[in-house]
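Structure record follows, encoded as structure tokens.
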């Protein structure tokens, strides 16, 4: 029985951990609302989860310091995976979560929002933008705007009405719902507006390094504007490879592009003239944004992206809603759930990522998207 | 010209795969283990070079040397601490340990260097040569990559064929017990193999990030898997095989994107691999070992 | 000697069944009494799915002796076909449990078909070459499902590849939506269903291993040429083990997918295949009870490490490395055996010819 030792060991290991876990449960602090969220704190998407967590933490610290309403924030890692997100959500439930920040990214949020709905725990996700996250769930709300109907279409509308391009090319990531959704709504709207799409090309996780073929296709099709519905990491590769090829179309990005200028080592000249729609820009001179960016830089040594700003807004939106509803921390999650649904569908909120935000019954937010162009390494508003 | 451009970028991508695959195949040939942590050593090499150049403003060449030095030490350490205690264990146990090391390096890098992407400045600049009146452009990175790959392949072939250490490696690869009886220090031979493999990984990391300049803690994992595929494709354990496998894989990948479908390019690459292995079950240049009864 | 070893096998199998039943009884009791944590409760079904994955992969790796790096590919096939079947039948079959069962059957049939398709060419190869082809297969499945669109309306199922070209009639719904996967899964999986699947898997695997076919499979693992020379049909038996393993993984995939409201193709990637392989190697090749314990322990472990926050996955990696070294290093093993091994001193040391080292 050569496996005995091995088996024993596994067993002992599991038991020790089981015991150690039982002693870890934190004691409840009665005076604070327990807010929980899941996000990718490790793995390839970790930057988004950590940004959201940090942004929310800053808001919580500010609010707690004021001495009024108190929050206790806990983020659990979901590694951008639905299975782990549900585990993380359950861990938060065990912790005593009363209101939730849902999940940071869309695929895990699809899974956790179903749990939120089943458990009657209210969720306001900072950044999970897929329509399926809120679809059919009365207690799941979004802080970011819905990608597909709003942003992709708005981009096409913008390009068409500004007469930015005759021939449009699209490069999208075909194994990611964010990118695919934006592309679909862009294409639909473009067809409506008679905007000519001359080339489309895709990439996927695992072959997202070399873009020669995609760029050559754009170039050969004569695209004078290329729409990039994707996050900034692949976008930065596309920009640098296009520059290396000597291909210089107009570039049009989406909110996920925000962050490109703050990448360490990125040459802002590559992003010169890139246009994007974004609800938040870190270079704004709005005093609240300036204060937030300063604080974030001080604490985390980097410039916050829109995930951080969205999460920051979520906490303040909660503060406003909880105060308006005169909620107290001893209420159950279910009681808070009903109060929050009532508040969020009726209130108007001003935050870093927009002013005069309102939510409809589906949970979608309505706020303006600003067209921006990158000039000399900074965002400049387009009108 | 488009076709030639594709060929060039295929060769460029393939050369990077080939350098990684050379490291894989060396370690496999001698230690008979699939070192799944190899891709993550690449990532570490790229980070070291990045910090040397971007933070400490050292010249790129020093950055590359620093990366090679750190990776060599890392390779030897990993071998001593994680693989050596398992010298007599079943190869699957070593495989799982290598996966553990891979997780360790990725998560360690994330803690040390944050998950935020860094943009790597090419060590040879971003210039390019224009040929045929500008219809065909070749970047310096591409040229450097291809040249380095060929130089490394020739050097390794010479090293294993002509030096004492190289011969010791080949002996260990054939039969460890017999090599030991002939007075070869098997442990130090394996350590040297890991050192060389890891130094190559550092070079691959620098070249990978020079050509495709974003750097995150998971940068090495997919190229690692692709290079592993390339090594098997060419016949694992064979140095020219790894070279050929890497180049072909790169070219096939680019061609699949260009002429079949960008959406299904990975499926096409792997399907070609399967077909090749069915025709040549030991890879392109692998030795078909006859089974003794 | 032979009958003794058979007895020992039978005893061990009964012990395995017994432990699984006991674990189920305990967990079910604390679930019913409500004293279970949400965290553990949420992991029960995935644990069952991973146990089935591990046991079925152990059939390929431990019993057949071939390294497979694409087991998650079969899980994916099972998950997507099984869920599609269950969702398409939503109106036709009113009983959720029956829909789940149909889903699992459909999932395992499709996974078995995939197993045959990939098995016929793959099993001509050996060792690492076989491993890389299974890896390639897993990646191909992932790539295809990411570009697959499936919808259902009153005319039946509709398929489309690459872009969404489905023209669904009024009232139709899309099931698989390319990279977004399936987003509106009914959560049909229950712990009891998972438990039953584990028991069925064990029953199938034990019966196969202890049958004439099973002995033929192990003979092929230990010495293919010798087995061939005494007239064992190598292709048939290798395919038998491989396809059984694939079919079980397919059922596990359906079980897993129907525990969540959403599933995407990228979930079943190389990393998931590796994860399952880790369970198998840690539990011991050919040792089904070991696979079960390892799958359960390693699924729970990262959750238990949550209090370590940022260091969680780092510690997980260190534990993994240490466990592999401790259980496989001859010096340390000898030490542990001395600690625990007094009662086993009499046992024959090389019994079953180091059954675990099939792939050395």
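We just call them A, B and C in the order they show up, numbering each chain from 1.
The rule is short, and it goes like this: a residue touches a chain if its C-beta (ideal position, glycine included) is under 8 Å from a C-beta of that chain, and two chains touch if they have at least 3 such contacts.
Nothing here was measured: the structure is a model prediction, and the numbers come from that model.
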Could you work out how many touching-chain steps separate subunit B from subunit C at minimum? 1
Quick note, more Cb pairs in contact for A-C or A-B? It is A-C
State, to the nearest whole Å, the distance from the C-alpha centre of subunit A to the C-alpha centre of subunit C. 34
Can you compute the centre-to-centre distance for subunit A and subunit B, using the mean CA position of each chain? Integer Å is fine. 35
Expected list for subunit A, residues touching two or more other chains, is 42, 174, 204-206
Where subunit C touches two or more other chains at once, the residues are 139, 143, 146-147, 282, 310, 313, 327, 356
By the touch definition above, subunit B meets two or more other chains at residues 107, 263, 266
List the residues on subunit B that touch subunit A in their complex, please. 2, 5-6, 9, 13, 50, 54, 107, 110, 114-121, 126, 128, 134, 137, 139, 208, 211-214, 216-218, 222-223, 253-254, 257-258, 262-263, 265-266
How about subunit B: which of its residues touch subunit C in the complex? 28, 34, 82, 85-86, 88-93, 95-97, 99-101, 103-104, 107-108, 111, 225, 228-229, 232, 236, 261, 263-264, 266-267, 270-271, 273-274, 277-278, 281-283, 291, 293
Note: in the complex, subunit C contacts subunit B through residues 61, 67, 121-122, 124-126, 128-129, 132-133, 135-137, 139-140, 142-144, 146-147, 162, 224-226, 229, 270, 274, 277-278, 281-282, 285, 310-311, 313-314, 316-318, 320-321, 324-325, 327-332, 356-357, 359-360
Considering the complex alone, what residue numbers of subunit A touch subunit C? 1-11, 13-14, 17-18, 20-21, 24, 41-42, 76-77, 81-84, 86-91, 93-94, 107, 110-111, 114-115, 130, 132, 174-177, 180-181, 184, 204-206
Footprint of subunit B on subunit A - complex, ascending: 42-44, 46-47, 50, 174, 201-207, 209-210, 212-214, 216-217, 220, 233, 236-237, 240-241, 243-246, 263-267, 302
